[in-house]
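Each in C-alpha cells, the structures are laid out below.
Below are two complexes that have subunit A in common, paired first with subunit B and then with subunit C.
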Partner chain A sequence: MVFLALQIILVLTACFLLAYTARHCVFTVAALYSLKKRKSNPTFSYQPTVSILIPALNEENVLPRLLHAVTRLDYPKDKLEVVVIDDGSTDGTGTIADEFAAEYGYVKVVHRSPREGRKGKASALNAGLKASSGEFVFCFDADYYPPKDILHKLVEPFSNPRIGAVQGRVTVLNEPKNLVTRIVALERIGGYRVDQYAREKLGLIPQFGGTVGGFRRKVLEALGGWDEEMLAEDTELTFRLYLEGYKIRYVDDAECYEEAVETWGAYWRQRYRWAYGHMQTAFRYLGKLLKSDKLAAKEKVDGFLLLCVYFVPIIVLASWLLSGFLYFSSFEGVVGVSFAIIAISVYSAVGNFAPFFEVGIGAYLDKRTRAYWLVPMFLFTFLYNILICTKAFADLLLTKIFRKRRVNWAKTTHSGNGNSYIQN
Partner chain B sequence: MEIVISKIEDKRIIVGGTSLNPNQTFLLTLALTVFTFIFLFLLPSLMELKKPRDAGPRRIEGASIEGLLGAALGRSLRDMEQSFGVQAYSEAPLPAEGLLVFLPSLEP
Partner chain C sequence: MLCYRTVGEEFMKRFAERGRTPNYPHMFFGVFTASFLLYVYFTSFRFVELSVLAQMVVFNFIFVFTLFPIQGRLTRKLCLLLLGNFVGFGWNFVFSVFCQNFALCSDMWFKAFYVIAYPLLNSLWIVSVWCVSLSALAGWRKA
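Then we have the complex of A and B:
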C-alpha cells in the first residue's frame, strides 16, 4: 500500500515536470517563430508625466552611473521626475544624490535614516511613491544603466488603458567578468528574450521583474503600493495586478544593462531571496489565481506554472530520492517508466528555470556566436539551485510553523566593475 | 570485442544471457567512460572559458553611452570637477558606436 502511494506520487511528480518541459518547448517555439520583434512607435507621440524611483542603499559605486544615464534620457525634462530614495546609506550615496539634485531640478532625494530605512526595497519604493507625482511610476535599481530612449519605449504601451504595468528587458553589462556573470547573462537571455517574450506573444502572464518597468500610478495607489512583507515584492504585485483585471506588457526592445552578481555567494543570496519571496507569493495567490474570473484559462495555467516554478528543483530532488528508494526496494511496475520520464525531464525542464534549449535559442536570436557553449555549465547551477530552493522552502515552512518574523532582505552589493565596460 | 549489455536484472548485468559480476576491469572501464562523457559534455564550455570569443556584453541597439569618467571612479560629480578642474560630464552627445568597449578576451 505504501509502495503504491509512493508510485502514485512519483508519477504525479513526473507529470509535473513534463508540464514544465511542454511549457518551455512552447515558449521556445513561440520565440523562435516570432522573429519579427515588436517595434515601438518611432514617433514617440505619447508623453505623459513620469516619475523614476531609484531605491539606493550604500550604492556609491554604481549610483553616479545610473543618475548620469537618467539625466541623459531623451524624454522631455518638464515631464520627468527622478526620485532617489537614500534608504539609510552610510556611504556617499546620499551626497551623490544631493549633488545631482542640486544640478538637475527634476531630481529629488528622499533621505531615510538607517533606523527609518533598511526595511527592504518595497519599503523604499513606497516612500518614493509618496514623494513622487508622475502619472506613471518607473523603477530602476541603482546598478542599472538605461539607454536614452528607454522611457519612450516603456511608456508607449500605457496608451492602452487596460495596461497596468510594463516591463523592459534586462541585459548583463559585466558579462565578461567571470563564469558567474556569464552564467547570469545566459539566464537573463533565456528568461527575457525567450520566456517573457513568448508570454507576451502568446497573451499569457508577462511578469513585472522589479526593475526596468513601471506602473500606472492610479492603479498602483489603488492596490496599496508594494507589499513590504514580501521578499519578491515584484512577483506579488504582478499577481495582485492580474487579479484586478489589469495586464502587463513586456517590451523586448526596451533593453537596459544591469550589473550582475559576481560571486557564487552573492548568487546564492540573490536567488535565495527570489526563491523565498516567490514561494511566499505562491502560497498567497495560488488559490485566488485558480478562482479568478478576471483571467482566461491559458493565463491561469501559465500563472500556476509561474508561481510554482521555484518548487521545481525541490520536486526534482524529491523525485530523485523517491526513484532511488523505489528502485533499490526492487519494486516493479510503473516505477521504471516514471524514473525514465523524470530523468529526461530534469535536464530539459530545468536549468535555473530557463531550460537549456531556451537559453540556446535565446542566444541564437540575440545573434550570439559562442555564448551558448557555456550551456553545459548549467548542470552545476541547476544543482546549486536545488540547494538554494530547498533551503528557502525549509526556511519558509519553519517561519510559517513557528510564526517567526520573515527572513530579512539580503541586499546585493554592487562593485561598480560594470563601469569598466563603458568608456568615453 | 564489443560488449552489448542486453538487460539489467536484479542489479546484475546480463551480457548475452550470461550474468556478469562487476569486476575491477569493468568498474575501471565504467569510470573511464563516465569521465570521458563528462569531459566531452563540458568540453565546449571549457574551450569558451579558456579562450572567450563571445563574452559580451551584448550591445544594445540604439544605446547612447556617454562620458562616465566620474561613475567609473565611483566619485561624486562635484568632487571630480574640483579634483580635475574640468567639467567632467560632457553634455555633448557622442555616437554609440565605439563607445562600448568589449574585452576581446579574458586571456592574460
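Then we have the complex of A and C:
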C-alpha cells in the first residue's frame, strides 16, 4: 500500500515536470514564431511626469555610472524627477548623490540613517515613493545602466489605462568577465528574450522584475506600495496588480544593462533571496490566484506555473530520491516509465527556469552565435540551484513552523567592474 | 510576360523575407520526417527500450519545432536531424553496454550511482546535439 502511494506520487511529480517542459516549449515556439518584434513608436509623443527611484545601499562603485546615464536621458527634464534613496550607506553613496543633486535640479536625495534604513529594497522604495511626485514611478537598481531613450519606450504602453505597470529588458553589462557572468547573461537571455517576450505575446502574465520598470502612481498608491515583509517584493506586487485587474506590459526593446554577480557565492545569495521570496509569494497568492474572477483561465494557469517555478528544482530532487528508493525496492512497471519521463523532464529543465532550448533560441534571436557553446554548462547551475532552492524552502518552512522573523535581505555587492565595458 | 514578372518579383520578395520570418515549409517537412522516423521506431519497439523511445520523441519534437523554422538549408537540417537520431541510439547503446559491464563488476555501488546520475547522463546527448546543430545552422546564416 505504501509503495503504491509512493508510485502515485512519483507519477504526479513526473506530470508536474512535464507541464513545465510543455510550458517552456510553448514559450520557445511562441518567441521563435513571432520574429517581428513590436517596435516602440519614435513619433509617439506621450510624455507624462515621471519619477525614477534609485534605492542605494553602499553603492559608491556603481551609482555614479547610473546617475550619469540618468542625467543623459532624452526625456524632457521638466517632466523628470530622480529620487536617490541613500538607505543608510556607510561609504560615499550619499555624498555622490548629493553632488548630483547640487548640479541637477531634478535630482533629489532621501537620506536614511543606518537605523532607519537597511530594511530591504521594498522599504527604501516606499520611502522614495513618498518623496516623489511623478505620475509614473520607475525603479532602477544602482548597478544598472539605462540607454538614453529608455523612458520613452517604457512610458508608451501607459497610454492604455488598463496597463498598471511596464517591464523592460535586462541585459548583462559585464558578461565577458568570467564564467559566472557569462552564465547569468545566458539565463537573462532565456528569461527575458524568450520567457517574458512569449508571455507578452501570448497574453499571459509578464512579470515585473523589480527594476527597469515602472508603475502608474495611482495604482501603486492604491495597492499600498511595496510589501516590506517580502523578499521578492517585485513578484508579490506583480500578483497583487493582476488580482486587482491591471495588466503588465513587457517592452522588449527597452533594454537596460545590469552588472551581474561575479562569484558563485554572490550567485548563491542572490538566487537564495529570489527563491525564498518567490516561495513566500506562492504561499500567499496560490489560492487567491485560482479563485480570482479578474483573470482569464490561461492567465491563471500561467500564474500558477510562475508561482511554483522555484519548487521545480525541489521536486526534481524529491523525484530522484523517490525513484532511487523504489528502484532499490525492486519495483518495476510504473517506476520504469516515470523514471524515463523524469529523466527527460529533468533535462528539459536544465537551467532551472529556462531550459537549454529556450536559452539557445534566445541567443539565436539575439544573434549571439558563440553563446550556444556554454549552454551545456547549465547542467552545473541546475544542480547548484537544486541546493539553493531546497535550502530556501527548508528555511521558509522553519520560519513558518517556528514563527521566526523572516530571513534578512542579503544585499548584492557590486564591484563596479562593469564600468570598463562602457565607452563614453 | 508582365504576369510572369509580377509572380517572379513576388516570389523573390517572399524569398527575401523568409530570412526574417520562420520557415514554415521547412518545419512541415521536418515534422513529416520526424513522424516517419518515430513511426519506424515505434513499430520496432521490441528492439528499442521505452526510455530510449521517449528520449527520441522529445529530441525529434524539440529539434523539429525549434531548429527547422530558423534560417538554413533544408538538406543541412535534415542531415543534422538524422545525425542526432544516430547519436541518440549510439549513446544509448554505449551507455547500456557500459552499465551492464559495470553492474557486473561493482553491483551495489554502481547501482546507487546509476540511480542518481541516470537522468542526467542518459540525456546528455540531447543538449549537446541540439547546441551543435543550432551552432551549425547559425554559422551558415553568418556566412
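Here, the second predicted complex is superposed on the first by the 421 of 424 C-alpha atoms of A that agree within 3 Å, B and C clash if a C-alpha of one lies under 4 Å from a C-alpha of the other, contacts with A are read in each partner's own complex, and residues count from 1 in each chain.
Simple rule for what comes next: a residue touches a chain if its C-beta (ideal position, glycine included) is under 8 Å from a C-beta of that chain, and two chains touch if they have at least 3 such contacts.
This one's a predicted model, so the numbers in the text were calculated from it and none came from an experiment.
In the superposed three-chain model, the partner touching more residues of subunit A is B, compared with the other of subunit B and subunit C.
Touch criterion met: A:F357 reaches subunit C, while subunit B stays clear of it.
When the two structures are aligned on the shared chain, A:V83 is found in touch with neither subunit B nor subunit C.
Touch criterion met: A:W320 reaches subunit C, while subunit B stays clear of it.
When both complexes are overlaid on chain A, the residue A:V309 reaches neither subunit B nor subunit C.
In the superposed model, A:V219 lies in contact with neither subunit B nor subunit C.
Once the two complexes are overlaid on the shared chain, A:Y33 sits against subunit C while remaining clear of subunit B.
In the superposition on chain A, contact of A:V251 is made with neither subunit B nor subunit C. Of the two partner chains placed around the shared chain by superposition, subunit B and subunit C are both touched by A:W373. On subunit A, the surface patch touched by subunit B in one complex and by subunit C in the other comprises residues 369, 373, 375-376, 379. Residue ranges on subunit C touching subunit A, taken from their complex, read 20-22, 50-51, 54-55, 58, 61-62, 65-66, 69-70, 111-112, 115-116, 118-120, 122-124, 126-128, 130-131, 134-135, 138-139, 142.
Across the interface of their complex, subunit B is touched by residues 60-62, 64-65, 68, 72, 92, 95-96, 99-100, 103, 147-149, 171-176, 179, 182, 185, 253, 255-257, 330, 366, 368-371, 373-377, 379, 416, 419-424 of subunit A. Interface residues of subunit A, counted against subunit C in their complex, comprise 25, 28-29, 32-33, 35-36, 320, 323-324, 327-328, 336-337, 339-344, 346-348, 350, 356-357, 360-361, 364, 369, 372-373, 375-376, 378-379. Only residues 10, 41-42, 44-45, 47-49, 52-58, 60-72, 74-78, 89-90, 93-94, 99-103, 106 of subunit B touch subunit A when the two sit together in their complex.
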